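Take a look at these structures.
Each of the next two complexes has chain A plus one more chain, namely chain B in the first and chain C in the second.
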Partner chain A sequence: MAAILGISGLYHDAAAALVIDGQVVAAIQEERLSRIKNDPSLPRLAVAACLRQGGIRAEDLSAVLFYESPYRKLERVLHWLLQAYPASARHFSKALSAQLGEKLWVLDQVAELVGVPRARVRPTSHHLSHAASAFLVSPYQDAAILTVDGVGEDVTTALYRGTGTRIEPLLSLPYPHSLGLLYAAITAYLGFEVNEGEHKVMGLAALGQPRYRQEFERLIQLHADGSFELAARYFSYEAGGELGFSPALEQLLGPRRTPGTPWALETSEADRRYADVAATLQSVTEDALLELARRAKRETGADALCLAGGVALNAVANRRLLREAGFAHVFVQPAAGDAGGALGAALLGAVEAGDGRPPPLAHVALGEPIKVDEARALAHHLGLSAEQLTDPAASVCELLLQGGIVGVCNGAFEWGPRALGQRSLLALPGSLATRERLNRVIKQREPFRPFAPAVLRERAAEFFSDAPNDLTPFMTSVCDVRPLHRQALAGVTHADGTARVQTVNATAQGLLPAVLSGLERATGVPIALNTSLNGPGEPIVAHATDALAFLSAHAIDGLVIEDYLFRRRS
Partner chain B sequence: MPSFLVRSASRARTLLELLQHLLKRRRFFMIPLVLVLLLAGVLLLLSEGLSYVAPFVYTIF
Partner chain C sequence: MAAPAPWTPRLPLWVRVFAWLGGQWAFRSERRAARLLQGFACTEEQSQLELRQAARDCPDERRRARYLRHALDETRHAHAFSEHARGLARAAGAAGFAPPSAGCERLYERLGELRFLAFVHVGEQRGRAEFETYARLLRKRGAGATAQLFEDLIADERQHEAYTAQLLNELAGADGARRAVRWVRRWQAWREFRRRGRRLARTLYNVTMLFVYVTLAPFALTLRLFGKPQRGFSREF
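For the complex of A and B:
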């Protein structure tokens, strides 16, 4: 038996994944357990949870793989600090003390944290981990693999050819020419938090016009061979700038937006300008990805494309790749960001051990299960009502049909940033009032942010163009809402007429398929608004304590945990 | 918590792997740089805990 643990961490999105005999047994982000959003530490709690899920002890592990090489990373940091000298002088000691004081020793820390001999811990490479995380759980035996993120070691973008269990590197683009860092810099310029606000920029883009193409041509040069170059003077990565962009960017695009200011897109000229900047960024990013994907097609001739890396979470760009890059199939591993590196590292270890690759990813319920007994005991202490249900799906449908917003928790929590029915908030998809209530009162998000629909797979094509496809089970792409249904789906249709669709198999595990079937019987529309069960700035709920804390703090109409309905007493 | 000996062996392994990496990548100039920086770090760490090392550190820097 080969039991391989993969680990990512010490930057953002720490995670652990366990593969036993080639099967993915558990994959867990640290933030779910530590309750610290994008927890950057080493995944102490996630490692323990993975071992519990696998029913093994640390000494049973054959190997522990860290998702990147601390040596290559140190080399890149040193190289750039020296190259950017004297501009880098004031960041020299901070950058090097982080590298030499902590990050260089990550493999020793991992050995101590897991409780295995240091000889069993080894690094892999950042982009190879990403590539493995997508290809080895994809439905394809032969595919082009594109990994695009901010930076991993000294590489920002890489192309591989995947065949069976073999992943062969074809080309890579060096730091600092990075789509991820460009997106991050503009995210900061627009006043959002880097590594968290990128999806807000993507949502904002739909409300603007890409009228800054000329200015962006000075920021990034796209070449016909798929490569690109960032103009260094507009960014401040080399000198370790906190914002990622230099004053030259503000001279080019105007003053940056103050973080935390309320958005007023209908009345504020400045906010409309920021939306146009977001739209231009989105359009340039899509063009760059499209050229890369076309290069991948030319280099490999494969029918399928696998994507990973933080930029692969751009659902709008993924739709364009599916339509225009020339591939018949596109797959994005749902935890495409750095957390996914843990899964990739574990899978690489399993392949090295001769265990082959797992079956294609069918669901993402790879976390720990929720305990209803724990919830009942806690509800009693908190004074919440608890009612056992004979048919939980029917009860959820009933609450939804009354216009309610209902939390559902069943089975193991999800892997990746999307709630796909195991820890979700559900509502009917047609009501703008419900959307406003969710956005402003419960989630306290920017008003322009859309909500996603979950739809029964067999009827998806009726409501959404391009659905179903290999991306839609994991909400990693958008689809056009068919014009005939836009009014009925107003709560889940974005300003540009798209929706980030989740298609659900009627036979899949969990409560969601039965809820969608129930809605279909009652309304003819097998669709629910599905958003993550978490409050503003919080990680998605993992355990019963988190779920009941959410119920206590937010005005929702009920929380169904397995076969119990919990409610606040009026 | 592993013993001091186990932790030291673990750190030595990391240093060896770093050295092998820099040699393989032919980044020879980085080897003395990294070693000096690490040595300085160790001295600074020691000087915080052991007051009699402080004058020694002072003469170097």
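For the complex of A and C:
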């Protein structure tokens, strides 16, 4: 019996996760509470929130595990600063200052932050944390585990075999050969923010053609054994280039895109070229992942594949893995990025303490609950109206059927980057006008970015091919929208005819299943457009303050918090 | 008998002088103006984070709502500055900017509500004076669009200045408000001193590390000559 806290941080996506007696009690990303997108600091607020959720104090913790080893990371940084000599001259002092000034002492900082003796804090390894975060909450007892991200300590890609509570390392691919870093470099080249714009690149890819395969063959070589190699001259990681790519990349692919320039895919030849670059990147990434997955199958012979690491958030690639890699089942832990490392570290600690595995992840409402009383009190002073509802789901349906866009907050907020009904904006799935309004006015996003549908699991197959599967409850894969329904689902069907589907159990708790059932009764279609409740550049809403701030700043048609409807006074 | 008028701190003269000098330099080129506006966007972004923290932690619902409204204004300002900066950068053929980002110093938690309020008030007062100076300067230069941007925000700054002064007086009375503002000004001066000290230390550190870097040349050469290239799968973890 143990209470284990897992922590990730000091790079991006800081998070904390608490496992008590082998059960995942809380898992919270710092950005939700600090309101700083991809907050890279140590998760001070998330740690406190996890302890509150668990009803324990810091001194009750048996151990605190940090998701990676700072010592091995320092070794890699030093190695590559020397390897890139003298190009690393400009980066040297900054890199050493970050490592020696802060990151090397992270375990002491964690001990101080949490309030436990230093002896109770220990590191684990980056990719092992990722592997544990996927496998130990998956529905499988035996699986191949593939972790693919930018870089951990010195490894970018790793293959493990998971059996019961055992995770056996099989293969690793060393830095700098990294799919994550390739994707990040092209993300920067396309004018998006690294660690934030990768999903935009994935959305953009659907609008282009992979015309640059030949050029990409010079960037990355895929080998028959599943490994791959990046050509160093196109990247600038060791030289400290802020964008991650060198001038050689612009010579190869043409000038990079200026960040913040409005997109005009219909009229701008240059933007169509950028879409083609994105499409090529996506296609190369998929091919690389597929070869890795096939190698994983050959190495393990397992029927199931668990994926983690930032690259595992590529929902389009995940669909190809499910279809073509030869595994009967694929599972992606929904916070697959570095935040997930906190969960993995906590689970590793629990297994080590003899607590066994938690049950398979059934939902991601692992944050703090929303307080409706707090919302009511604040709404009064913000000049918002508050109305108690007898049947919140029916009221949401009514607003949606009138063509409204409705925010919903119920229960604890989600773990991971997807809003899965606890902090969501809902709309009907058929209207392109609603999609436009959401994209341009409310979310102020690029016009090409798609919205996702939430559908009752029991009827998912009627509308989407490949659904339901082990990925769809967490929106970590795309499915084809069946041609018969594409017009009726125009608001959630992407340019390539796919949708990032979330399947919802009708019997599950929360507002979303009841809303979908209500829509089914009213229209025959148990589907809603479901997007995250956040403004441009903001983390998803966590608490009542954030929710009412969102309502005050955005022209939505209502916000339902538990059993209250809040609206802006006209 | 009428209630005494709330005490409001006077704005130091140097704020307008420095703003005028800074504006003269920054608004000579669109690139520099863009950088200045992007800097403002980041400051507004940080301000909204601090105010969001205050809105979350303050025990009084009415004040929480005011902090939250203020935070929403700051978000709007950050967006307006950032958009305008991008427009200027585009017009000057310069690289664009990423969306404004900032950290949070947790000032509400560290300073307590009264000093936090004094800090916000002093910042708003200075911001208003700077914006007024810039707007006048830009009008004279014929940069109407950028002048308009500042003019649009001045009303908000005035309102923020007024409500923070009112809350300061409400919470601490005139004497308490005066003491809090004095404390904040001293604290800011000390912070600025330390910031400059850190900048100097960073420069010294960079020079030292340059020497260290040069001495590493033989090790780098050895690694180049004898280090094994890292590629392909490994069974080592």
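Everything that follows uses one rule, which is that the second predicted complex is superposed on the first by the 570 of 570 C-alpha atoms of A that agree within 3 Å, B and C clash if a C-alpha of one lies under 4 Å from a C-alpha of the other, contacts with A are read in each partner's own complex, and residues count from 1 in each chain.
Quick note on the criterion: a contact is a pair of C-beta atoms (placed from the backbone, for glycine too) under 8 Å apart; a residue touches a chain by one contact, two chains touch by 3 or more.
All values reported here derive from a predicted model rather than from experimental measurement.
K.L.:
Taking the superposition on A as described, I'd like to know which of chain B and chain C A:L74 touches: first, second, both or neither.
P.N.:
Touch status of A:L74: first partner only.
K.L.:
Figure out whether A:A158 sits in contact with chain B (first) or chain C (second), or with both, or with neither.
P.N.:
second
K.L.:
According to the stated criteria, A:L96 is in contact with first (chain B), second (chain C), both, or neither; which is it?
P.N.:
Both: A:L96 reaches chain B and chain C.
K.L.:
In the overlay, answer first, second, both or neither for which of chain B and chain C A:R435 touches.
P.N.:
Neither partner.
K.L.:
Which chain makes contact with more of the residues of chain A, chain B or else chain C?
P.N.:
Larger number of chain A residues touched: C.
K.L.:
Touch check for A:R118: first (chain B), second (chain C), both, or neither?
P.N.:
A:R118 sits against chain B, while chain C stays out of touch.
K.L.:
Let me test your reading of the model: by the given contact rule, A:E229 touches which partner, first (chain B), second (chain C), both or neither?
P.N.:
The answer is second: A:E229 touches chain C but not chain B.
K.L.:
Tell me which partner A:R35 touches in the superposition: chain B (first), chain C (second), both or neither.
P.N.:
Second partner only, chain C.
K.L.:
So which bits of chain A does chain B touch that chain C touches too?
P.N.:
In the superposed arrangement, which is not itself an observed complex, chain A uses residues 96-97 for both chain B and chain C.
K.L.:
Can you tell me which positions in chain A touch chain B when the two form their complex?
P.N.:
Interface residues on chain A, with respect to chain B: 69, 71-72, 74-75, 78, 96-97, 100-101, 104-105, 107-108, 111-112, 118-119.
K.L.:
Note which residues of chain B are touching chain A in the complex, please.
P.N.:
It is residues 1-2, 7, 9-11, 13-14, 17-18, 21-22, 25, 27, 30, 33-34, 37-38, 41 of chain B that touch chain A.
K.L.:
Enumerate the contact residues on chain C facing chain A in the complex.
P.N.:
Residue list for chain C touching chain A: 49, 52, 55-56, 61-62, 64-66, 68-69, 71-72, 75-76, 79, 86, 90, 95-99, 101-104, 205-206, 209-210, 213, 216-217, 219-221, 223-224, 227, 230-237.
K.L.:
Going by the contact rule set out above, which residues of chain A touch chain C in the complex?
P.N.:
Where chain A meets chain C, its residues are 34-37, 41, 79, 82-83, 85-86, 89, 92-93, 96-97, 125, 127-128, 155, 158, 169-175, 177, 191, 193, 223, 225-227, 229, 258-261, 377-378, 380-382, 535-537, 543, 545-546, 548-549, 552-553.
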